[in-house]
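Here subunit A shows up in two complexes: once beside subunit B, once beside subunit C.
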Partner chain A sequence: MISRRDFLKYTVKGAAGLAVPLAAIEIVNPKKILADSQGIGKTRWVFLVDTYKCVGCGFCVKACKIENEIPYDANVTRTWVERYVNTKDGRLFADTPKGARDGFTTNKIDLGLGKFQDVKNEDIRRSFFVPKLCNQCENPPCVQVCPVGATYQTPDGVVLVDRTWCIGCGYCIMGCPYGVRFFHPKYHTAEKCNFCYHRISKGLKTACVQACPFGARMIGNIKDPNDPVTKIVTTERVGILKSEYGTKPQVYYIGLDEEVR
Partner chain B sequence: MKNHVWRPLFAVIGIIVLILIARLFYVPHDFGIHERGFMYGWYRNNNIEDWKQVKVKYQGRDYCKDCHSDKYESILKSPHSIIQCENCHGPAIDHPSDPPKLAIDRSRAQCLRCHFPLPYPSSGRAKIRGIDPDTHNRDFQCVTCHNPHKPNLSIR
Partner chain C sequence: MVHGEIWTLKELFVLPNEYIYWSIQIVMYPFMTGLVAGAFVLSSLYHVFGIKELKDIARFALVFSFALLFAAPMPIVLHLQHPFRGINVMMTPHFTSAIAAFGIVFFSYGAIVASELWFLYRKHFVESALALREKQDKSLYENILYLVFCALTLGVTDISQEALHKDEKAIKTLAGIGIPVACFLHGYAGFIFGSVKANALWMTPLMPVIFIMSAVVSGIALCMLTYIITMELRKFLMGIKKAHAVGFQTKEDLKSVEINVIRMTAKYLLFFLIAAISLELLDLIFRGYTAVKSWDVLRSVIYGRDFAAIFLFQYGLGNAVPFILFLLPGLTLRRAVVGVLLVLFGVFMMRYNVVIGGQAFSLTFMGYMHYELPIIPHDWETLKEGLFGALGIFVMPFVLFWVLSHIFPIFNYEESH
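For the complex of A and B:
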């Protein structure tokens, strides 16, 4: 039988004992120490797309597929170009035949299932091209849902997939609000744009940026104040896709419009 | 406690120990929680190196400059100067050792990527001159008449 005096003593000791580890964990928070010492790296890759400059030639898509060894004739691609056509009678069409791998070489809008819509040039009110790629979100939902730790964000902000670790469950493909992920037809693992990580880490531009003849695509380091991309993103009017999801996408667009999703 | 409690308990502890030992060998040592914490930074650290080892295929026009200086300079004087060599000639990879010869894309479709007329307002495409591929010498390659390095017929 425990005395009342001992019961109170143990209660106080126990409470103190429980409080200590909590405080100790707070002191050695590795994330905080690292952030204080070096600010989690000096690089954060971001992308800038100028939709006014894009002509829909699709050289970026072709270069990306070859550079990143995505089977050329499979209907999957890490980056693609969308065409938006808004007609004078208020209809909206959008297409991206084969991800615009071969560009846009016809007036006809690809409606899918082999159907095409002919839109006369004089009926067009507004029309433009929008290149799409992985947004390398600051809060990537695809990474959150991975049950095995096969997809992750590198310290410089790029989201990568570990092909040896991916179990192919497809949660990340469902979780991405931008639809940039797909299964690699050869490796059967989740696949996505990684800003050509093998190129940017060597100081090269991504394959799509290099292939674009019109300068519609740019890659830069947002932590470098002298980077041309940083200057535009911080001083000009740029848009992001689906900001309402809270994913903080890091691909910025000049000339976005409400019909672009 | 009684035997009937201890025996299954030992079995359970044994299974847990086995799982932990298997995990020790199966999970790579660099797998763990990294900079961005458990939610975004739970991964195998060496995978970053794996991705950096991917082969670079598109080398850029500076790679071509020294050996093909005549071609390099001729295209720089034309409106096609903005187009990278490899967009038509294919990725250099390790040319000239591998591949020794690049396959040039001379197809009409290659030229039509930009020169099919799509006069879309607010897109750069509207400013590029185009041809109707159904009526403009339809059975010939564009390069029969137009040199892509000097595309203007009058200065050919």
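For the complex of A and C:
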């Protein structure tokens, strides 16, 4: 006859014994070993935009189009710059003609359909520029909705598209809350900013970062505490776009405003 | 030209990459799957719930559902930028995506409909095959038919009373399983839209249910329409060759059968129509009442730019008018035809207003996109994603139905089921 005390003892022992193999599996997680041996897990690419420094010259857009072979005159772009103008009578204007590829050179706001609104300098209360690009979201809806897995996230946090596998359904374009995706005019597959993955993985900066004459754009590794970007993101007040979607975007902004969409 | 640019007009602040990427074929997709599901549910009303009055239209609806089934994935194929890679969905399905399950849901549903059809027509296959075998001097067409029927029997020639009774049971079971699967097939099309959190108009958990209800409405309407058309044709043919009047029917018989079936079916149509409208209105009221951030732009689209499409065409012409037409006592055939045509139009407009309306405003909530359906095609893209592509998809099931009706006789088929 087994006493209640013994029964408890055995139960605890049994449970502990069962738990050991589970723990062992956890210890030899092959994915983790592979990641550690390749330095994966030590990098998480993030981007930092200082909107105070941006003057809307559009050099980044030009550089990106050339670097990433997006047909120069096609009306799509991996990165773009938006202009926001508040007037003294309380109106808000915003535009991004041709993604600001040619910069903002006039006071005329593009209203679409070939119409423009001229805003006089003395009527402007404030105005600023906001560069945009893929947020390489930590929780990317574009990856979630791709039916064939052609869009995927790399271990260092960048979301890529496999041009040989994408069926061109456009679900990811619909799923991205930031409107950064489009169909490549030549390959007819989903296309978007990938932080110039071919460059950053070789230790280079992205084309846009390199092209910006004012240092408004920076790329860095948030897992490296000594990275200048990490320092700013962790010690200063920075914002992200559309946090309400739960996508955990990884492009940080200095000087973000409520009016930025 | 960038994909989408040709039919998108941008107004005010729209992001540079925003276009109407999901165009007319994505309107056709839920419209067609809706018809499939609806037709099936209609046929199951008889087989499962034993609603006797629907017997005549039930078999008809099942064959039609099968014809529609082949047409349902076509819009997607025409929509894809890489149609030949469509098979990738089966090879590497990525199950976090709502579209990934399409192949599985679609094929399991297809299997159910096909096997139900088989049980329903097994006796006919066997009899036809035997009759053709007996026949001397077969023509080429008859030879082909003979082979087809032989193949269709799948080698089972037992048509004893007992075996047929078992068939009946199988049909009932399949029809029973089929209802949830048909609803799933379509509810899941609703989920594809409802789960897009980036789209302020689409994102609502009600979307799948709304889709199912309107699907059943449209399926019933289309079955009624096709039923009336074929009945009229038969009457017409009968008028020509009076001598050949087959079976129990005379012109008058047909007429009374027809109007009774239509009146009965119209009741079910009304029921589902009420459910569909209530859900849609609930969604609309809820959005207005909670008025979250996106409501300003949504309101300007719903009550402003798309007012005519939503309130005049969809709710007015497509819902309210047929509602009254069916409710007025003494439903006549002519009125039924007008009614079902309007209902079909209304459901189509609902799909249109969801798919295109969901892309009528920018992610910035500060701009609009206007869709211009390409009518005269001038390249492959404007053909397949234009008026003619959509029409082609719509005509397809009717052609298939005509072909199928040679193998699955829809009338003059005496059967106990």
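We take it that the second predicted complex is superposed on the first by the 221 of 261 C-alpha atoms of A that agree within 3 Å, B and C clash if a C-alpha of one lies under 4 Å from a C-alpha of the other, contacts with A are read in each partner's own complex, and residues count from 1 in each chain.
Note that in this section contacts are C-beta pairs under 8 Å (C-beta built on N, C-alpha and C of every residue); 3 or more make two chains touch, one makes a residue touch a chain.
None of the values given here were measured: they were computed from a predicted structure.
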item	value
Touching partner for A:Gly149 - first (subunit B), second (subunit C), both, neither	both
Touched partner set for A:Pro177, first subunit B, second subunit C, both or neither	second
Which superposed partner A:Ile240 touches (first subunit B, second subunit C, both, neither)	neither
Touching partner for A:Glu67 - first (subunit B), second (subunit C), both, neither	first
Touched partner set for A:Lys202, first subunit B, second subunit C, both or neither	first
Subunit B versus subunit C as contact partner of A:Trp165, first or second or both or neither	both
Residues of subunit A that lie at the interface with subunit B and also at the interface with subunit C	143-144, 149-150, 165
Interfacial residue positions of subunit A with respect to subunit C in the complex	74-77, 80, 92-96, 98-99, 111-113, 132, 141, 143-150, 165-171, 173-183, 185, 188-189, 244-246, 261
Subunit B residues touching subunit A - in the complex, by the definition given at the top	31, 34-37, 39-44, 47-48, 50-58, 60, 82-84, 86-87, 90-91, 109, 112-114, 116, 118-125, 128, 133
Touching residues (chain side subunit C, partner subunit A) in the complex	1-5, 9-19, 21-22, 76, 79-82, 85-86, 88-89, 91-94, 96-100, 102, 192, 195-199, 293, 362-367
Residues of subunit A that touch subunit B when the two form their complex	31, 34, 40-41, 51-59, 62-63, 66-68, 85, 102-107, 121, 124, 126-129, 139-140, 143-144, 149-155, 160, 162, 164-165, 194, 197-199, 201-202, 204-205, 207, 210-211, 213-214, 216, 255
